[in-house]
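One chain, chain A, appears in both complexes that follow, with chain B as partner in the first and chain C in the second.
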Partner chain A sequence: MTTARSHEMNFLAPSVVRTIGTRSLVIGLIFAVLAIVGAFVRPGDFFHAYLLGFMDWLGVTLGALAFLMVRHVTGGTWGMVIQRIQIAAMRCLPLMMVLFIPILFGLPHLYIWARPLDTVADKHLREHLQEITQTYLNPHGFFIRAVIYFAIWAVLVFFLSKWSAEHDHPPMRDTSARTKQLSAPGLVIFALSIGFATIDWMMSITPGWISTMYPLIILIGELMSAMAFCIVIESILSRYEPMSTMLKPSFAHDHGKWTLAFVMVWAYFSFSQLLIMWAGNLPEEITYYYRRFNGGWGYVGLFLVVFQFAVPFCLLLSRPLKRDIRRLAFLAAWIMVMRWVDLYFMIEPNYSETFRLTWLDIVVAVAMGGLWLAFFCRNLASRPLLAAYDIHAQKVLEPVHGGH
Partner chain B sequence: MTQLLEEVETGRKRAPVIEPGHSFSTVTAKISDVVLKRPLSIGWLAGVMFCFGFVNLLLLAVGYLFIKGTGIWGITIPIGWGFAIVNFVWWIGIGHAGTLISAILMLLRQTWRNSINRFAEAMTLFAVACAGLFPLIHTGRPWVAYWMFPYPNTMGVWPQFRSPLIWDVFAVSTYATTSLLFWFVGLIPDLATLRDRATNIWVKRAYGALAMGWRGSARHWSRYETAYLLLAGLATPLVLSVHTVVSFDFAVGIVPGWHTTIFPPYFVAGAIYSGFAMVLMLAIPIRSIYGLKDFITERHLENSAKVMLATGLIVGYGYAMEAFMGWYGGNRYDAFLLWNRLHGPYATWYYSLLICNIFIPQVLWIRKFRTQPVLLFLVSTVVLVGMWLERFIIVVVSLHRDFLNSSWGMYYPTKWDWFTYTGTLGLFLFCMFFFMRILPSISIFEMRTLLPESKVKAE
Partner chain C sequence: MNEPAIYGLMAEFDSADEIVAAARRTHAAGYRKIDAYSPYPVEELWEAIGFHHNRVALVVLIGGIIGCMTGYGLQYWVANIAYPTNIGGRPFHSWPSFMIVTFELTILFSVLSAVFGMLALNGLPLPYHPVFNVERFSRVTEDKFFLVVFSSDEKYNETETRAFLQSLGPKSIEEVPS
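The block that comes next holds the complex of A and B.
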């Protein structure tokens, strides 16, 4: 019955997707022009803002990839309804590759190890840099490693996207064994690659400062961004067919639960890192927090504690809120904003001892977001919103039983 | 997170969570008969006596310790923690699988847990008991252990609240209490079943007293469900918190090898890793000896093996990051720690650890190793050894060579260390043997809910 039903329905994305895409492109281009002006006027600020925006939108892209693989490994109907949103998001990877190129030109603005070492005043740091730049932290290594990371992600995105596209045509198939075989080792390789990418792109801003937890905080943040993004998009789409039929309150509930889990794990990781460093109080480590507790940065930290953890946590405990996609979407949008604040708190204090927010921080993030969204909407519109010929997708179309 | 692990939708046919052909009465009979009808076997008696021998060894070791003090152990300065803490962390880690299976998998609606939760919870309790013993006797003066609790006293002495060792006192005692309650509440309906089925009047009375007047009325069930769900909710954070606090015991110190920020999640993953290994080591013989293969099916073995593989990979990620950061960070003490692990006097232990914890368990990617009981049993044994070695490396190897060469030392466990450790192994198995015979080792009523008859359609 449901099989027949899936054939009758039209799963193409509603026209609103293209509208959003066009508007995002216009906004993205306008802000991109401003950003380019900024790049010439204030190159230092521009590159700091650029890294921030890049990491923020890369997070949504890679988070979607990781989340899709988690779904493939563990199964569950909750993932079917957002699968095509995740795929459209991860297919923005080519855009992120292009957007990575300017970072290569801004290395000296971003990383102390890319500057001439005799400009480094701190003797210990200079000695450390003399060693580490020989072997690891140098522009060539940085570039080669980035190519490797992107290649790994691209392979995963390519196959998962291709296999999903096969479900748009008859016959009805079950390819879950194949996707699972790729996703299980894929997750392992992904975790390692994102770990090392985080070390290269973010942790190496302060060479000599290390935290083994740091890559995991980034990883969980990416998953959180991707989940929040999917909730926002499914909420917009739920006003139109076919999402209005596909999205059941129980799915929204599950997505809300995932968000709650990520919020908690983010807090758990972040707090553990803080506690261990605070208790150890070692000069090479505590400087990270010393900066972030002083010079006005402490308020940003407090803001994160309250609005990235406490408030979303309390709200997400509510069952009615999780089952109401409209209200949940507001919270998800807020979490996406907070992801930017979190990355801002991780990146910017490295460059300024006192609180500093430039217009470029916002302009670049919006420009990148606009372009990213335009690309995403193009991806989303290019395929149906449900893989109608995937045998597991049929559960999405089953009518809701009872009150549940 | 509906059906998170449940609907692993592969093309091939998967083993069911309960073999076909069972009805309410056969499920009840099969599980309760192990307790009520099965005669005492020579095998069981021999097993109990063997373990009882080790219990006596433990008593001897602890008795002698009370007379002579901790000097009988191999602990020295700088290695003041030694076996006692290695074993504490190992045992408490093993205990984690019970709570994970009973609470978290229940909240995730993983019905496959129904046949392994009961004995996994029992295992948790016995493991926590063994774990708790070690720090207690390691204090040197266990008769004043109550000083660790904050209570108003004329001496005006309070515990150091900023020390994770004190957090441990709270974390572990909360964990033990909640696990016990959770286990007991889950047992009540089954105790009533045993009461109803027992023929001997004294057995009937004993189970009757423990069943606390359970009659199985709708009201009883409704309250039971609420209580069980609440306890599951309470127990869930404990799975994370207990081993997180244990990891803080190390990580807040500045000793290289201890002070690393990844420790909390890495310890939790390690705990679940070893916990599932122990679950499998117990489940595999139990299902074959007591004829419970219909209830503990290949599916359970495979799912547990997958959890083991996943947590093992997280542990491996922890090793990789720690080693990389040791090199990348440029801190000479961290770099030396890495060198010392690979080339120092305990290098063999470290390589054994890598083999047991990282390399051998990779065979679990192959389905045969996840479903073949003998192979899986062997892999689980290797993992348990590996996880013990990991704690040894963390405790001993980090302490034996820290910042100053003048304070370096070596650690040699004495026979009393080994007696105590093997004694707790005996105590653990001794308790398991009794548990198998006097309580239903599989939850009878939860198994009944898996039968097709219990699936009542709303429409």
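The block that comes next holds the complex of A and C.
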């Protein structure tokens, strides 16, 4: 009966997706021109902003991949509604690969280890760098490792995307065993690869500073970005068929619960890092927070505590809010903005002792976001919003029953 | 004795879907003093009998805030007023170190408020309840669902209410002696 119903329905993305894609492309191109001008006028600022924007949008891409794998391992109807949104987001990986190339040309602007060692004034740091640049932190290693990370992610994206596309055609199939076999080890490999990538791309900005919590903060931030992004998109799509039929308050409720969980875990990781370093009070560790508590950066930190944790946390406790996709989407959009602020707080204080926000920080993030969204919309429109021939997707169309 | 000898009328159902539908219709028919009993929590059931909010959440919130202030206040008082001690050059008001105890006391006070607030608001422990006078009611812990219309309801009328409950198609209807 449900099979018959699913075949009657048309799951193609509404035309609004293409409209958003076109507009995003226009905005992205305009800001990209501004950003390129900035790259020639202020190359230093440009590359700092570029890394920030890149990590922000990479987060949505990889977070979607990780989330898809989590859903393949755990099961659950909540994930079927947003599965095609996640797949469209993770299929932006080729774009992120292209966008990574400029970083390779900006290494000396971003990383002290990529500069000639004679220019490093601090004697201890210079000695440390002399050792570590020979073995690990050098441009060749950076490039080779980046290729490995992207290759791992590309393999996961390729197979998960391909297998999902097979469900667009008959016969009705259950391939959950196969996706599970890839996703379970995939999640472990993903967590390790994003950890190493974070060390290379962000933590190595200050080569003497080490935190084992840092990659986890990035990892959970990426999952949060992806969940928030899915909520925003499903809210826009829920005004049109077929999402208006697919999306039920109980699914929005589940997505809200995920967001609440990520907000809490993010706060837990971020605070743990502070607490451990505060308790240790070692010169090579506490410098990270010494800089972020002073020079005006402390206000950014406080802003994060209040608006990335306290306010979303209190709002997400509300059951009616989680079940109302429109209101939830506003909160999710806000969380996406706060993801940028969090990354800004992680990256920019490394380059400036006093508070500093350049126009390029915003312009580059918007340019990248515009291009990313255009690519995402192209991906989303290219496939139906529900895999009609996946046996598990059928549950999305069933009316909700009492109990569990 | 003005107290009614009948506590209410009890209708028995076989499944969660049936009792949810029956409870909705009973509520829609204007009965307000009704209650439902099930072997496991049925999420839609409490909505169906028109039960919206309870004050446990508020009690927990107040308990949590008191716990939070107690935890932080205690440490602030100890470290800044009673025994100011220089620990590794950190400020006396070493707020990151205060967080764990503050968090734990918030949780502790919230949980205790939840347990005792719940007991106080739902009137437990309750040694006697009229519904247990009905012999069939013992099946509520196994596989049966029961809907009760209390005799204290304004719309309650022995014959009319019985006829109404009969129209819901229950397995049986029993009087509950008080």
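Here is the rule we use: the second predicted complex is superposed on the first by the 399 of 404 C-alpha atoms of A that agree within 3 Å, B and C clash if a C-alpha of one lies under 4 Å from a C-alpha of the other, contacts with A are read in each partner's own complex, and residues count from 1 in each chain.
Quick note on the criterion: a contact is a pair of C-beta atoms (placed from the backbone, for glycine too) under 8 Å apart; a residue touches a chain by one contact, two chains touch by 3 or more.
Keep in mind the model is a prediction, meaning the values are calculated, not measured.
> For A:212, using the defined touch cut-off, is the partner it touches chain B, chain C, both, or neither? Pick first, second, both or neither.
The first partner, chain B, only.
> In the overlaid three-chain picture, which partner chain does A:67 touch, first (chain B) or second (chain C), both, or neither?
In the superposed model, A:67 contacts neither chain B nor chain C.
> Who contacts more of chain A, chain B or chain C?
Of chain B and chain C, the partner in contact with more residues of chain A is B.
> Once chain A of both complexes is superposed, is A:131 in touch with chain B (first), chain C (second), both, or neither?
first
> Would you check which partner chain A:174 touches, where first means chain B only, second means chain C only, and both and neither mean what they say?
first
> Is A:266 in contact with chain B, with chain C, with both, or with neither (first, second, both, neither)?
Once the two structures are laid over each other on A, A:266 reaches no partner at all.
> Considering each complex separately, which residues of chain A are in contact with chain B in the first and with chain C in the second?
The answer is residues 275, 279, 401-402 of chain A.
> For a test of understanding, state which residues of chain B touch chain A in their complex under the given definition.
Residues 1-12, 240, 244, 248, 251-254, 259-265, 313, 317-318, 320-322, 324-325, 328-331, 365, 458-459 of chain B touch chain A in their complex.
> Touching residues of chain C toward chain A in the complex: what are they?
Going through chain C, the ones touching chain A are 16-17, 20, 40, 42-45, 88-90, 94, 96-97, 99-100.
> Once bound in the complex, which stretches of chain A touch chain C?
Those in contact with chain C are residues 271, 274-275, 278-279, 281, 401-403.
> Once bound in the complex, which stretches of chain A touch chain B?
Listed in rising order, the residues of chain A that touch chain B are 74-78, 128, 131-132, 136, 174, 176-177, 180, 184-185, 188, 191-192, 195-196, 199, 207-216, 250, 254, 257-258, 261, 268-269, 272-273, 275-277, 279-280, 282, 284, 392, 401-402.
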